[in-house]
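Order as written gives the chain letters A, B, C and D; numbering starts at 1 within each chain.
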Amino acid sequence: MSTANDLLASAQAVVEDLVAANRILYRQKVVDGFGHVSARHPLDPERFLMSQSKAPGSVERSDILVYGLDGEAIEAPGRRLYLERYIHSAIYAARPDVMAVVHSHSPAVIPFGVTDVPLRPVMHVCGFLGEHVPVFEIRAAAGPATDLLIRSQALGIAMARALGTAPVVLMRGHGSTAVGTSVAHAVYRAVYTEVNARLQADAMRLGPVNFLTPDEALAAAETNAAPNVLTRIWDLWKSEAQS
Amino acid sequence: MSTANDLLASAQAVVEDLVAANRILYRQKVVDGFGHVSARHPLDPERFLMSQSKAPGSVERSDILVYGLDGEAIEAPGRRLYLERYIHSAIYAARPDVMAVVHSHSPAVIPFGVTDVPLRPVMHVCGFLGEHVPVFEIRAAAGPATDLLIRSQALGIAMARALGTAPVVLMRGHGSTAVGTSVAHAVYRAVYTEVNARLQADAMRLGPVNFLTPDEALAAAETNAAPNVLTRIWDLWKSEAQS
Amino acid sequence: MSTANDLLASAQAVVEDLVAANRILYRQKVVDGFGHVSARHPLDPERFLMSQSKAPGSVERSDILVYGLDGEAIEAPGRRLYLERYIHSAIYAARPDVMAVVHSHSPAVIPFGVTDVPLRPVMHVCGFLGEHVPVFEIRAAAGPATDLLIRSQALGIAMARALGTAPVVLMRGHGSTAVGTSVAHAVYRAVYTEVNARLQADAMRLGPVNFLTPDEALAAAETNAAPNVLTRIWDLWKSEAQS
Amino acid sequence: MSTANDLLASAQAVVEDLVAANRILYRQKVVDGFGHVSARHPLDPERFLMSQSKAPGSVERSDILVYGLDGEAIEAPGRRLYLERYIHSAIYAARPDVMAVVHSHSPAVIPFGVTDVPLRPVMHVCGFLGEHVPVFEIRAAAGPATDLLIRSQALGIAMARALGTAPVVLMRGHGSTAVGTSVAHAVYRAVYTEVNARLQADAMRLGPVNFLTPDEALAAAETNAAPNVLTRIWDLWKSEAQS
């Protein structure tokens, strides 16, 4: 990307993917009226893009705002912002490798946040879950009487610390947050975290589960993040979200 | 609202919300062919609005009738009325704070009405469930041979007593009734009571559940009843119900 | 109905309901590509109406054939017939009160046919299940090597004997058959047998279940079979099946 | 089929079925963005037909390529191929009776691949599962650090050996593969393997399960593979997939 036109095209593509991601996540039942998805600004790593406060299923290009890494919107007079925009800002600040963030209350994941059962990969497409999916307990950071929301940069930082280098962090009594190296990658992880949670719970009811080994998880995660594979499912989701 | 026009506009908005609520509840699978939703009359707190007897999914503006707090319709010659309209009349009489009522047989809630397991909030969007969701046992009020329906004002009063100051009452072998300070609020509570029931049952199968503390439930309920948050999901539901 | 025109109109209505029932049962996921629904002939109680062999979701008026109580079609050259038409013929022969029959493999009911857990009513809309839902074990009638289908009038008679005076009979390793006093009534029972099976299984996983008493079941069944109530849901289903 | 025209018509029909199968499997939720289906070449048993690498739900006639029994495409410059095409090539090489292959990650089947619970037929439409559904453990063939994919003809051969003469093989931590004597037959088996897995898991939670006897399974499998029966559901699926 050596020219201004290339840069512009690349930025346009990110905005398009972000709008599509909002609709895809709704269609895939990862989000309902709540939840949000963001992308790091393609031209300025100290900023990120996210909708104004709106149900993801109805987000349009004109809803996308620019935010700073303190979680505040740049020039957005009169726009309502998501209360939990600090989930995104704190992760972008802590994780230079992260280019997109999905926060959701996807249903099958909730039980793993409120019990002691660790979420572990049961199948290759969920290999990215790796050896350990951390759980963020907001009581440890802010006491026993919060509304569980990440309402400040301080809480965002505490949550990002729990996330560490993982691809996903569960949030007790609240939901989960998945990150990725692109919008498609973060969406993929959010969708398949939900798939794994449902299938792991089902499998555990049958008997002891033969999980992926750490090496299998790593190898499978690499395969499924390859453009050849990720693009196949992303293109399908995108075309459906536009229909 | 100082003028007659303002009052009229406000009343129109309630009727519109009520028609939308019928369709939203069907679309969200809270009601099937059965169930009903009402709103306190915006101009006369001694009356309420509800459809004639009709499947909620097909209710239109012309189906909406005016009822008194005795459960009888005002001037509705030839219209069939819901057998259980007394659920609504008794609650409006007992609870001046209630502006809307949803009665449903939403599926995941049924098991909590027929077992001894208390329904408790597993996540912030269900914080309104608070510390205790009461169960109405019609046998205690009317013996062991009823058809379980709230067929009279007397039974409605017994059920409203079980509801007390709670946001939701489960009805053993029958369904549940949620109340709210607006149509959107009562619909929100009916939808998320169903969500909580499903997720609580799933979580309990994994292991002991870390529920919201009473303080967390209270704080989360306040956050989610704020117009900013409630409107986001209500507008989405409404636009979908009209499409 | 004193005139020929009245009789004709009544017969037309039954055929219309039967076509609608095929589509409704598919839409409600009671049948998939398999299953069938019939109505006793409105003008001749010794005959019944049912589609030729075809997936229920695509049945049209021209598919409806007339059958005798021996299970054979009257004048249907070149038409393929359902292998299991004897389910219907044997029940019409044994049960003069039955005006319609639905045979399906509706999923939540299957587990109750292959385990020792009796299906019992957990809620009022399923009160028709009453005190006892029989299970037909084809091995008792035809040994351990059948294909489980009701392929002959003799097997139909054995199954009808297991049904007895009940509203529904489960068929081990196969499905279930519901009967009613009208097409709408039999469809209602087939749909809510499935609903009850799912909710009873869910409730049993939570803890001991407080089922309807026999008197409650009886009273609730009467209420829900009343035209006022049954028509409400039937009209909804019918209008959806036509859209 | 004695003329060139007959042969051509037959080949056309297989291609049409294959395109339909891709869309049917997506609509039936057997595949999501992943999974693939193939058919043995109708004119050359040493070749098979399958889409280029693409989400099954969007496969069109122009995506269908010809492959050899080594898993490589014949004249397909610039086309991306499924990484796991060797599942298909190895099975066609080992099983002359197989005319179509479906590989999927259908969800209810996954738990049976990662636990010690054998998949067994609970109902007649799933009788084809027979007495024993094998599980392929890739660790036995390729050690503990693979990405679980069948990336080579050697792995395909190991998997085909695990399949043996069975209709379906489960693949631990990955998915399953169903085979059949026609495209419709393999799709039927893939769909009803998923149905059986879900219902068997549900039944096992209720109590000990009364499975089909081996003789019942055999008889039921024959009945359901008969053109009369298979065509009924296939025609429905096909017409829906085209709408």
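As a convention for this text, a residue touches a chain if its C-beta (ideal position, glycine included) is under 8 Å from a C-beta of that chain, and two chains touch if they have at least 3 such contacts.
Note that the coordinates shown come from a computational prediction; the quantities given were computed from them, not determined experimentally.
**Q** Quick check for you: after a Cα superposition of chain B on chain D, what is the rotation angle, between 0 and 180°, in steps of 5?
**A** To map chain B onto chain D, rotate by about 180 degrees.
**Q** Over half of interface residue numbers shared between chain A and chain B means same, under half means different, so which is it?
**A** Different, since most residue numbers here occur in only one copy.
**Q** Averaged over CA atoms, how far is the centre of chain A from the centre of chain C? Could you give it in whole Å?
**A** 47
**Q** What whole-number Å value describes the gap between the mean CA coordinates of chain A and chain D?
**A** 33
**Q** Touching two or more other chains, which residues of chain A qualify?
**A** 205
**Q** May I ask you to sort the chain touch graph into line, ring, star, complete or other?
**A** ring
**Q** If we use the touch criterion from the header, which chain pairs count as touching?
**A** A-B, A-D, B-C, C-D
**Q** What residues on chain D touch chain C, complex-wise?
**A** 121-125, 127, 195, 198-199, 202-203, 205-213, 215-216, 219-220, 222-223, 228-229, 232-237, 239-240
**Q** If you look only at chain D, which of its residues touch chain A in the complex?
**A** 32-34, 53-55, 57-58, 80, 83, 105, 107-108, 110-112, 114-117, 144-149, 172-175, 201, 204-205
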